[in-house]
């Protein structure tokens, strides 16, 4: 029985060595990567226990994803499928002005056929938090229904629901996203959303403090976190807005920063800490994540505590 | 204007380092790989000029395939597509008793939508040989029609047509393959077929000599090559059957051996050599291919000549 | 609750790239490796559920070992220690006449201080099989006592006990091993032992059939497996001896072959199969292991079934 | 028939992994690298078609160079030689204060014997632009004559001639360079030159605007581009001087920046764009080049357009 | 007969690839690393001849350390031991806020048993300088005595003694270090010490100038160098204090910077240069070291001269 | 003062990863490789002390060669040159029927200008053996004279001279070799020669026993070793011929086998062993060499002793 259960797709991420191009690289590094498993891992690292729910193909590729997530410390509870592919994406990392680019190749993944009845809903109902993101319903009509049903099951079991809005323009239009995701809002307790998405997809206006307040009030969330990239985040709860800065970092990989933030936030809230403290842990975990290749926050709580205490970087020997 | 024009799909081949498993490898080697481009390259290396026709996605992955084929010396003439994926496959090489295994992930590739009208048919009609394989019509109903139309166009242009039967059980059933491929036979001059396929898919009986003779007679081919793995090949032409042994080899990668054989055979026939001589070149090229990682016969004609002359392996310094 | 619980040390194995020497290699491959975790993984892969018990340092190295074992599918239940090192060993693989050589650097490992009272004995008592090897008591006086106590706890809980004799001459003398290990025999149900060890350490004589019979009779084991390298194994049970040949294999890494054999044997026995069938699975799993780098049998039951059915190695595509 | 024909040496570039030293690195990365082929590739990527003319040894190394250039999209038209080496250079990249260092090993390369009569001059005369650099005549007395003759042939065919001054102090003295290269100036239409070379080799004075003006007036060029490293470039044409800034970039490899600039400038001029627009493309292509390992601007026109439009570096997914 | 003899432990340093974590990396880079051998190499590179004294296990790992140091140009004179391990340490490099971390695994190394009588003291007594650091006596009680005895032997032979204080908090407490190391001070001529250690371990106060003066006066050193990280160093000699700034550098690896500084300082002093000039060489060597992976200053005197002359970083070709 | 002094060229050897082709490999492995330094290392490993004499360019590449040889345990005494290249060669390893191929790029190496007066002849005259091979005089007319002069100096100093005939057909014709090398014979005590060279270059006839006898008698050598590849070697001395078989081996790299044989033979002769015993050591060292990548016999005497004792390959743990 885990503290947190997350549901979503985890892809195989294929990427050329440092700064090389997809067009000419002779080999690709392979890693499992997905927002919901990233959050599960970050939460686990910060003291919660986590289970990732999904549907994966019964192939070496599907087993690879599951094994890598288990290596990082979480439990997995997956439907093994004989239909559908293992989703992949190609990631080309680069600095300015080329920038990092993603080529998705995730259509017809096994998870796109996942229905709520395929999962043991007690896993969700016995957890303290159920988490998914706006990517999941973007993947197929079936998953839109499944996401709704799993959120409902969670509420019926008294499980808190948390949701990262995570709008992806390569998956659907802002209009589709808005229509689909706002229908899920009544079943959600904790919303995480980028200020950019609140503005561009949901049409809200104002600074992050105002966005958090408007979202919380309008949709009756218990907690709203509005993230704003290098400017930190704000957390709205009980009508109060708390601000959190980012920690200075030498970034190796920005992918997964938001997931590290969210996972740590949830874990420390579950541990009983107040919003400002949980935001501090979230921000420190996100900063450490940025020093680590891959999507995953392979940190320890001791390391996060040290960042909060000093942010120190002297060689320790 | 090339001597040979080939048409078919070239995939990205992803494979773990030596003997590692797809399930745990940290990186995959990447190579372009496809029967029809393999044949084009082998033919080019043995003295013909070659062009590969295809339809590929207008992405870094599509450009990668085209660039790698060009590197190996052939011309490419492709339709750049905004629909459809770049087909991939995962290759796990291993020795006995694990064996080498292939996981295809090639559905919905851009080429599956290719129609004859998208290509400049003069490219085919100005060539001396047009070549494709039984893999191409296995990929989609559209490609079945396209294959038929390109073979027709070739004949109308007076271009010799060559075809490797290449039955793939992971793509279709023997029954479907037989029904589809025998319909193409009237448009084909030169058939290459594995003895196993002649028996299991087409229902012929007898030893390779008999298979070649029966196929040639029944379908009115000008030339039939029946391959039989480590037992060599036989070539039927003008009612006569020639046998060709394999050269001893220390195999590094058996994938693409047949394509090397076929490409070299066609190139030397175009150069005016008789069937036994062309078979000898084909067999020597295939033997060299087996010493080279990847699908492609990166050989020189000098090297093939040396194998025929002596098969020598002393260090040359 | 797992079918099998194993107890022992898992080391970090550091090895130079193919055929390079420890003396000059610029990098070492790193893997977790230990007889008892190898057995747990092989059993898990063949259909049992497995848990590995151990004591590891609370460092990045200790976490590395645990994560890698989890990746391979088993559960871990470890005492995290602030005293003692992570044991390592350096492995230099080479062919004849150099041979593969091991440099142990495992003294003062955290596990050498492990006492029975540090573990939740119910984990063992709720399992169907408890397994350890003769390596464990060789590591420290404390571990000799602990091994005895865990075997006792298992018997008290009605758990079958299995033991691989695994004499290691770099750890102790034959005399010490004999004296220590025969004291454990009364608590052991299933013994696995190399014919060489039965002769050189225990002083038995005869062919493997005779060794199995003598050992079984003298010490009252329910089952005795005598392994004899490339000559296969014999299994003694209910007074009957069954012989099992090895499957032909192209060996990439012989390390862990015996552990793969033992793990598969136990898993299939638990699944209800008779001795000859379990031996067949054991031998096929061991053959597949030899095609895989590292110590671990990263196989699927489907693959093992295929080896038993045909041992086939044609490329499957 | 290509838009641009370039002529020059392309070397094998051997470089240790990141920041390692030539003195101790265990392996060298290998790439084809040469100013004239770099320019051909950059032009091709920006919409022109390009052919590279050269003379290379008929060895695996010579074929390697040709294959790699073809992979990057250009045509090659080379004289295969049985005399002369494949030129190489060793590149050790490093940051301040070590700096990047080049060890040339290019003496007696095959190209040093290339004479104009060995090439099909129609290739040049049918092109719209013929391009070479000041490196080529620095390589041998024969090449000084050949460069002159090829420039003459171009003019006779009505082909525009473009020339990058590219003074290399490891190849010859400023005095030799000045004497040789100014003799070529009457046959050149478009000159690209670093402000430093204009001052230190040709003895001009003034800021880049003045240098461009003086050079253009004195030698009757139609266009003069004066580059000034991180301060951008100026373009003189029809008596008017245009300035172009650099785009901000996170530099991975500065080698080839100037060639990317020049190739893109020529391609966009050929496409009909005016000097300021062509300079903008040139500068954006150069900025992208700096994010890519190796000498070559492996970019797409879409990427260059995006840099001009926004210079944006957010992750696109 | 060498100019400088150093004595101390050199470990095998195991480190994951760039920014990867010890917890998940699939391979570790291996290098020999130790303060006293680092100093010997830096001195050798700057024009002195150097010998490193130590005691190492007679294994492939011990031979590896010796071979790698010899590769870097110094002589080695070691006691080959059948007792004791090869010390290792795990180094995880990372940027802010993770920072670089060291996991020592060096207990029971062969050198911890080294006694003065095992070495040929004439090697020390024939040298011009004998050097060791505060790490050596921290490793074992035996080494405390040995360090004292070797320093005494040096003095008896008229050899100048130099000592880097090098306090390591992972090895001992400040109190132990102070008590042990100040006992060695009477036998030391040249002291190198970090300002931080002078304050935190020895309890001195003041700015680096004051620290140098107080240390020199109180303990009667001939020379005191106080280092202060990115703020440079000060050198006290004959009652005068000289300041030395750092050179700007793009740091790849800060480990070994201090050793590079010290080795270069000693070498140039031996060459007859005055304190300010020797400090300048020391600082330039340290700056170059920071651009080089590993612990060792693989520089040439020409490169150091160039840094002093210009600090230039333009590509040289 | 070393037991053995060898003189010759050591090249940088550049080779693609396993089985890859020079034409497409993305990286080359780099190693120092030369017959005379190989012999020095093998002799050193078998108990002699060795010094390698040569002339190398004063560049990072020259320092690389010297450092790598020092790493392997020998002393180096080189003339640092400002003229001449570092010789290189490209090695493409492959199995049958492709075979291993060498592309030399060694013309104009620094050593080709080496004259006897540049070396301290006492180094040779104080040694017990001076060794070079037939490669050295093949490199330049200057080196023919130098080889003669160094052999003379050795004789004058009472140093035994040993010589490996080592005919290289890519360097000179059999006629040139015969004429040049037989002129050196009067100054040579110990000749090592392949049976093939004795026949094809010197025109002798007969089986290896007869070749050894004829050569020894005709040219008045004290010892003649005739090697015959996989058939072992014969040693002629004092009118008696001894035969030596090869040890069975799994070959990873055959390059340098002969040098390992010769170095070990000389070392054991110097140690006082008789011809049959020295041949046994030579053959066992050669067998071990074949299991090691690169040209160099990185073995220990203990390992060679173990091969002679048992040739055993069981895993030792």
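Just so it is clear, A, B, C, D, E and F label the chains in written order, and each chain counts residues from 1 on its own.
Just so it is clear, a contact is a pair of C-beta atoms (placed from the backbone, for glycine too) under 8 Å apart; a residue touches a chain by one contact, two chains touch by 3 or more.
These numbers come from a predicted model, not from an experiment.
Peer 1: Provide the labels of all chains in contact with chain C and in contact with chain D.
Peer 2: A, B, E, F
Peer 1: Identify the chains in contact with chain D as well as chain E, in label order.
Peer 2: Joint contacts, listed by label: A, F.
Peer 1: Minimal path length between chain D and chain F through chains that touch?
Peer 2: Each step joins two touching chains, and the minimum needed here is 1.
Peer 1: Could the interface between the copies chain C and chain F be described as same, meaning over half of its residue numbers are common to both, or is it different?
Peer 2: different
Peer 1: Per the centroid of Cα atoms for each chain, what is the distance between chain A and chain B, given in Å?
Peer 2: Each chain's C-alpha centroid was found; their separation is 45 Å.
Peer 1: I'd like to verify one number: the distance from the centre of chain A to the centre of chain F, where each centre is the average of its C-alpha atoms, in whole angstrom.
Peer 2: The separation of the two C-alpha centroids amounts to 62 Å.
Peer 1: Roughly how far is chain A from chain E, centre to centre by C-alpha average, rounded to an integer in Å?
Peer 2: Averaging C-alpha atoms per chain gives centres 46 Å apart.
Peer 1: Out of chain D, which residues touch more than one other chain, so two or more?
Peer 2: 18, 21, 23-24, 26, 67, 71-72
Peer 1: Could you run through all the chain pairs that touch each other?
Peer 2: A-B, A-C, A-D, A-E, B-C, B-D, B-F, C-E, C-F, D-E, D-F, E-F
Peer 1: Would you tell me which residues of chain F are touching chain C in their complex?
Peer 2: Against chain C, chain F makes touches at 18, 71-72, 247-250, 252, 284, 287-288, 291-293, 298, 303, 307, 311-317.
Peer 1: Spell out the part of chain A that touches chain C in their complex, as residue ranges.
Peer 2: Residues 67-68, 70-73.
Peer 1: In the complex, go through chain A and note every residue touching chain D.
Peer 2: 18-21, 23-24, 89, 94-102, 104, 168-170, 254-255
Peer 1: Taking the touch rule as given, give the residues of chain B at its contact with chain A in the complex, in rising order.
Peer 2: So the residues of chain B touching chain A come out as 14, 21-30, 59-61, 63-64, 67, 85-86, 88, 90, 92, 103, 105, 107-108.
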